[in-house]
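In the two assemblies presented below, subunit A is common to both, partnered first by subunit B and then by subunit C.
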Partner chain A sequence: MASVVLSEAEKVYVVHGVQEDLRVDGRGCEDYRCIEVETDVVSNTSGSARVKLGHTDILVGVKAEMGTPKLENPNEGYLEFFVDCSANATPEFEGRGGEELATEIVNTLYRIFSSESTIDVKSLCINPREHCWVLYVDVLLLECGGNLFDAISIAVKAALFNTRIPKVRVLEDEEGSKEIELSDDPYDCIRLNVDNVPCIITLSKIGCRHVVDATLQEEACSLASLLLSVTSRGTFTCMKKLGNGSLDPESIFEMMETGKRVGKTLHASLQKILDKEESLGTTRQKVGFLG
Partner chain B sequence: MALDHRRVPGPEESQAPLLYAAPGEAGTDAPGREAAALRPLLARAGLLSQAEGSAYVELAGGTKVLCAVRGPREAAEGRGRLLCEFRRAPFSVRGARPRPGPATAARERELGLALQEALAPAVRLARYPRARLELTALVLQDGGSALAAALSAAALALADAGVEMFDLVVGCGLCRAPGPGGAWLLQPSEAEERAAAARLTVALMPGLNQVAGLLGSGQGGPPESWAQAVRLGLEGCQRLYPVLRRSLLRAAERRAAEGPRAVGASA
Partner chain C sequence: MAGLELLSDEGYRVDGRRAGELRKVRARMGVFAQADGSAYLEQGNTKALAVVYGPHEMRGSRSKALHDRALVNCQYSMATFSTGERKRRPHGDRKSSEMTLHLKQTFEAAILTQLYPRSQIDIYVQILQADGGNYCACVNAATLATIDAGIPMRDYVCACSAGFIEDTPLADLNYVEEAAGGPQVALALLPKSDQIALLEMNSRLHEDHLEQVMEAASKACKDVYAVLDQVVRDHVHEVTTLLGE
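After this line comes the complex of A and B, so read on.
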């Protein structure tokens, strides 16, 4: 992963700051950096979103394609995740360098969506055992500035919220052969219910306190962090320790409490922004990448 | 391999027989078992001749994990590194043989990373500059809680190899029974794990009382429920610790009785 090298003195400065609930950029321990979210940024997708969190820049595109349901779940569609670590983010990602990180992120995304309640996959089924929608979620890392997982999960949620899947009907004639008919109206589409899609909250242990939304400098000072995926109702769908350090059992319970609290606020403000952007309709001026 | 379809008049598609199995058929465990019951554990250290350290952990009910440590080997640059690999034998799971492919490889890599991140806090890597330790965990049979068994086996193998460590690492698996308000069960069997709403593996360094690893997902419910699961898991780890320590002691005694190790084995 992209990382910075800090001297001992710089580390002490960061750790002491965290101890006093005042971080290098002036935030408290439970504050996020300013998050920029914009949906519908790429026109070739069914849904897309770009999230900028400090210097972390993520672009997510969702493409809906028709496929066959998986054997074990014949009346459900499914999601596929792909992560591409662009060499623009850091030179370390050049060639196959980013592959390890990409696999880790993909596995984590599958894990947080593994719980059945996160997204209604049954609504993605068109025709049991034969046709369903497959949502290909492509995550592009444009810039890494710490706290990748949180930014990615926010971007994925925003992109799924933005996703419009064309409506299709299955027509069956007397002989039992089936035909799929696409609606003529391009605005006639189904939307996904993203109320239960979780967001990842990564809590980094620095000194004897923990912080949310660590920057690269803070990540360099943290030995271990706890990744929690929190739904808007405050339940967890995934829990994972990251990093090469260990955690005290008591601090884990504290981190879980913080995660729940911060997660609920994050979901509420994200939903508010998404709804607001939606209400602007097609008249919205798009900011894009140079804004 | 190209198939001549005229010669093989089989159906064009096939489906897994498990789809048609009635639910609950596969479950052989007695229902209503005690949540905090641990499966009997067998651990043996130092059984492979070619590896610097090795261990075998078996949980009653058919989870068998073999673990080997090679190294410290010289590495080109940088600090000491611990490389972990988690592999499943092709015949380790119930039902159809898993197809080797990118999806299987990615899942194994995730567990390999989980092993590495859980063992790193216990190993004194700073004492091994410019060296790497290679660890392989091979699941011979997965009867549930395979990652937890692999964690314990890996820590035993590292200790058996004489790698400097702060503490052993003990792994313990948990799963939450399906349905609302389902209880967390310690060390689930394969059938329980398959039916579970949520799964969790915790790793503890019992001597230092530090959590070395946590990996879980599913519908575990509110944080209080997860916290209860972590507590239950840590307690399970504490109870498993004496068994692992004894096996390590026994391995050391056996080695002492055999006399000095052969030249190749002690580096």
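After this line comes the complex of A and C, so read on.
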């Protein structure tokens, strides 16, 4: 992340602005920056999405590969997350520099997807105990301009929405040996139901108020923030406090209320955009990084 | 490879190109705001993203600083989802380390490093989608990013690959043609002076054919140059219009 150094006066300016519900870029406390979402940007993945939130730029690719189910859940497939903090975002991430942040993000992703209801992993099973689909969700960080977690969760949801897994059939012959047959029609595929996939809402405490979607400057002024993963129905699946400051219990409840409200609207607008893009089908002009 | 005709009798390749034809090159400069220079380049289905930071003070150990010129620091990585089969690591494997070295060598030849003694220039490239000619796409993207960063260079560096199939030199190989295992030359050229910044050849090629293949590769590099130059001119035009000049 490009490090920002703010003077005392600048910090006071940001904090006072937040108190008046008017932030440096003109937003209110509960407003997101403009979010750009585009799906199907990398053609050799099963699903992909690129999300640009202010200066934060995330690319997510989902690859479906065949694997063996885990011993404890023999009739379920599973998701594997991987985050690459590429040196594109900042020179500090060169070599192994980004691994610490990457591990933190990966663990958060595993946690918000740990709930059984988020993705129907049973539908990923092909042949109990023998074959299942493994969805490799690879997150690539291209630029960090604050509010990384929210942008990543939006991109992951969009990429999972876009994911198409080829249909396969298990054929069994007389001797009991099984054979997997891939459908001939490339359009014959399974889609994932992403209605219950949560999005992360990070609320940063600045002064005595809290804001959503903090920029780097605002993050530098905030002592602590609360990370909430909210589903489209407004239920929380994970909660985590970030930052080195402390929060009092009362403000945590306030933040949860805000998170719920903002989360519901975020999900609704994301779904609307994804459906709209979907309806355009192949006629859609792909923009990618050229636009 | 049995069953797959890489060059038809009519002279067309698997993707419908002629022997000396390039894939469609599309590029954009100034993709990111935080970096000093950035560019995105598509060469057919190969997509590369390059970012340049610098010239800036040495990071990390100062002992690496060169007293008479700038240090060019590169990193080549491939997104884990970029290839047909998922990669386990984006960088740090042997192939990526080799590519990193090649990039470093190429850009040390092109950038006027002696203008910035004791400083460092970082060039990071990322392959988002791989479909053959990864090194070439990276070099071309990095050239645009370096220009975007305003770092003085001797000339553009343009790279293109060439192969030799059925007695015909083919320019700008795609993945299928690369995977067929024929001879392949990767050439990075400074087109105005015809200087070679990097040359690499895989597999076997008869000496008599080398000149033809080199000819095809350098012709392709010059074609790439025309495209890149146009991209830069369009970008500069756009920026100056926005500034109202």
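The definition used in the following text is that the second predicted complex is superposed on the first by the 289 of 291 C-alpha atoms of A that agree within 3 Å, B and C clash if a C-alpha of one lies under 4 Å from a C-alpha of the other, contacts with A are read in each partner's own complex, and residues count from 1 in each chain.
Assume contacts are C-beta pairs under 8 Å (C-beta built on N, C-alpha and C of every residue); 3 or more make two chains touch, one makes a residue touch a chain.
Bear in mind the structure is a predicted one, so any value in this text is a computation, not a measurement.
After superposition on subunit A, the partners subunit B and subunit C are seen to fit next to each other with no clash. By the document's definition of touching, neither partner reaches A:Cys34: not subunit B, not subunit C.
Figure note: vertex subunit A, arms to subunit B and subunit C, all at CA centres after fitting on chain A; angle 120 degrees, rounded to a multiple of 10. Judged by the touch definition given at the top, the superposed model places A:Val5 against neither subunit B nor subunit C. When both complexes are overlaid on chain A, the residue A:Asn88 reaches subunit C alone and has no touch with subunit B.
Applying the stated contact rule after C-alpha superposition, one finds that A:Leu140 touches subunit C and leaves subunit B untouched. In the superposition on chain A, contact of A:Leu280 is made with neither subunit B nor subunit C. Closest approach of subunit B to subunit C, taken over C-alpha atoms in the A-based superposition, is 13 Å.
Within the complex formed with subunit A, the subunit B residues making contact are 15-16, 18-19, 106-107, 109-110, 113-114, 117-118, 120-122, 197-198, 200, 205, 208-223, 226-227, 230-231, 234.
Of all residues in subunit C, only 26-28, 31-35, 38, 40, 42, 45, 47, 49, 51, 53, 59, 73, 75, 77, 79-86, 90, 92, 122, 124, 126, 128-131 touch subunit A in the complex they form. Residues of subunit A touching subunit B in their complex: 71-72, 74, 103-104, 106-107, 111-112, 114-117, 223-224, 226, 229, 234-249, 252-253, 256-257, 259-260. Interface residues of subunit A, counted against subunit C in their complex, comprise 2, 42-45, 48, 55, 57, 59, 61-63, 65, 82, 84, 86-91, 94-96, 136, 138, 140, 142-145, 288-290.
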